[in-house]
Amino acid sequence: MIDQFDDQGRLRHLLTLDGLTRDQITAILDRAEAFLRPPGDLPAWSEALKGLSVANLFFEPSTRTRASFELAGKRLGADVLNLDISTSSRAKGESLIDTIYTLEAMQCDVFVVRDAQAGVPEFIAENVEDHVRVLNAGESHVNHPTQGLLDTMTIRHHKPDFGSLVITVLGDVRHSRVARSLAHALDALGVAELRLVAPDNLLPDENDFPGAMITSDADRGVTDADVVMALRIQKERMTESDIPDPQEYHRRFGLDGERLRLAKADAIVMHPGPMNRGVEIASKVADGPQSVIREQVTNGVAVRMAVLEAVAGLPTESPEDYAE
Amino acid sequence: MIDQFDDQGRLRHLLTLDGLTRDQITAILDRAEAFLRPPGDLPAWSEALKGLSVANLFFEPSTRTRASFELAGKRLGADVLNLDISTSSRAKGESLIDTIYTLEAMQCDVFVVRDAQAGVPEFIAENVEDHVRVLNAGESHVNHPTQGLLDTMTIRHHKPDFGSLVITVLGDVRHSRVARSLAHALDALGVAELRLVAPDNLLPDENDFPGAMITSDADRGVTDADVVMALRIQKERMTESDIPDPQEYHRRFGLDGERLRLAKADAIVMHPGPMNRGVEIASKVADGPQSVIREQVTNGVAVRMAVLEAVAGLPTESPEDYAE
Amino acid sequence: MIDQFDDQGRLRHLLTLDGLTRDQITAILDRAEAFLRPPGDLPAWSEALKGLSVANLFFEPSTRTRASFELAGKRLGADVLNLDISTSSRAKGESLIDTIYTLEAMQCDVFVVRDAQAGVPEFIAENVEDHVRVLNAGESHVNHPTQGLLDTMTIRHHKPDFGSLVITVLGDVRHSRVARSLAHALDALGVAELRLVAPDNLLPDENDFPGAMITSDADRGVTDADVVMALRIQKERMTESDIPDPQEYHRRFGLDGERLRLAKADAIVMHPGPMNRGVEIASKVADGPQSVIREQVTNGVAVRMAVLEAVAGLPTESPEDYAE
């Protein structure tokens, strides 16, 4: 595994949250807080990364994550190059490594990479020159580190004492990079209990989530939880699982008002998006008072700004240096 | 209907020109004039909207209008996010409202929206937070307000006395958002006469254009007009109408030199683009001395800059503040 | 043929390298050198073209060249508008010339054009207003002038004495705009010998490459060469040629280590990309010590910055004016 930090402890790449320490995660989240602005104010904006070229290299389609990274880059003054390359055209065109060499030769010094294949972000990081940085923007079912950070930031905002928290993730955990990256972060932060709820056929391997409570009983998983995160269920997964249709999924695994009442009274509700309303989450819950789903999105831009700034190796400015 | 102006009379959204007053329209056009530059000079450019994120949200494909809004935003220093989302992928992905909530949570504070379905821009405006602005960039057959403004600006430049003008629109009026938005503006400006010419099956409902003269006799419609605007005819409409082919359409409804001679000698010729040369307009007329078609495009960027600046709620700078 | 230079000898359009003088080419290359930065430094960045709108008008798909021009424009502070329009949608939409008139009316004053049809960039240059500039980014099989410049810049860096050089181009020369533009530049610079190697059915017309040695004997073509450039072979060409499959092509025309040893010991290896590794070039050669393939890419951005700056008619700043 490539080292994500340099000799001085500065972030070089962000490929996974696996192995990051509490301090490393906390430093990124603390910095991200500096990029938050009240709704209606202009977003945080600076020229900190002026002149830097960031390549958004998406081999899987994405609207949300690409937009979030694009805004993060532009709001730091970087030049952002969007490259949406389907895996099929990658097959016909040049090899992945030659695409990387080409962009590197154009002095794109930060790569934001999404790929359906496990190992691609690390492969890139191993093959670029020393000064080039790689950020994983979603890798197969294994890693989505900026998502894990934004989720952790959102939880911390409402429930800062991780040592006392019960956090429940509900849905297709087996195929979820979101669940894996969250688990990595929560492990570092010393969460009291992580519970994973999924249909029998979509339960994860225990080795992927050491120490977690794994169950296919949604009510049991949600009971007394402080945080409940519903995951998107993909319709093609339903046929693989023992769930015949969306209504049945909703009844057995969906987060509706009744099931949410089993959690703590002040539990927060999360979802990484995009949501299937009425399937894995009821609309009333998604839009209800316990939902922090939109905060997650807002924190996503802030986390990505913090990570971009960190890997660019810039001296950390104080928040006051940023335009209000 | 949502109020497009706030308590102090400042523009919040631009969804329709229906109901705007002469003064409200005139104020936008006057401001747009400040963004015109002679050909060969650099375009007007400022950092007035620096830090603001504008989301170009096009659910219908568009090259011209998207480019016009993108340039308008960039020339005011905004960060412009292009999101081309086909209606089919909208069906598969998250709901429209969740896309809006997501972009809003990313602090995109201005939405530029094109949609094939009537009501979508207003629906969005009703659901965003108070500080978010929505600009309609083309809505089904019902509204295209910035097009109506750029057309009005172009007419005003050549024929400022609307109370004495006869304006003729020629083509598929029934399905034309361009015609509707123009009619709204002309109504506010007190045009002497609006004439609408279309094949029998493409004539509009009279209630959509109160006070207009509606006819399927192109020669009669054009006679003595001060302004003649030809609309794009879509080939799929031809089968619906009583027009068997492009040649026949051109003969009966096309704007050629002979028909144009029926209009006033100094009449101007307009077309919202993209043109089918030789169908609804003859090339000689499109490129002739009476054509102001390219001025329309130029004014389009200026109008969109004026509207973006207005909804951003910035103090209006004098034109001299802008880079020449 | 349209004049690419104005009365004062300043570049107006870059459509072809055919007819450029040694001094004209040298001036562009000299200027391009000023935009090079060591790997790991920020790329050269300025606001020289601030306010200028550059339209990237690609009627053929392209990732590399479009990205290179986009970065070049952004690193000079220009607003870059990307318009990827497939030739098929051009057929359905407005005519090419109306697309040009539209963008011109939006005050896009520089067009970067790629088209599969010969003559399109010149046609555009003939039809735009005097102050608008057209840069050819790849035209059918006939011209790719910025590629010719970047290749020449790369050769000059390693082998500045063109009068003594033997340069070999290997591949589908018949259909190669890269080979043609390189030949134009080398002709101006007075290269000692240009050799073109291709399968029998892909040999070019002698009139297209006056003075060149043309052969289908790869070993003979490479022997004692100072520079060997392998061209991408498109699989659909193979059926047209007498080459049955990629392995056979590699054996007979590919640049592998054994064949490269026939060239001078210090020969450099080039490829315009994207590469078919193992077909026209062996991976070991592409990544070997004699390869300057990534330098070509780096020089491509620098050349495009120099050309954009030149056509924008700006006073040439000294390199020190650019941010380091």
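Every chain is named by a letter (A, B and C) in the order it is written, and numbering of its residues begins at 1.
To be clear about the criterion, a contact is a pair of C-beta atoms (placed from the backbone, for glycine too) under 8 Å apart; a residue touches a chain by one contact, two chains touch by 3 or more.
For clarity, every value in this text was computed on a predicted model and none was experimentally measured.
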Touch-based graph of the chains, sorted into line, ring, star, complete or other: complete
Chain C against chain A, contact positions shared by both copies (same if over half, else different): different
Mean-CA-position distance for chain C and chain A (Å): 40
Multi-partner residues of chain C (at least 2 other chains): none
Chain B partner contacts - residues on chain C that touch it in the complex: 50-53, 79, 81, 83, 85, 93-95, 98-99, 101-109, 129-131
Of all residues in chain C, those that touch chain A in their complex: 37, 39-40, 42-43, 45, 63-64, 67-68, 70-71, 74-75, 273-275, 277, 294-298, 300-301, 323
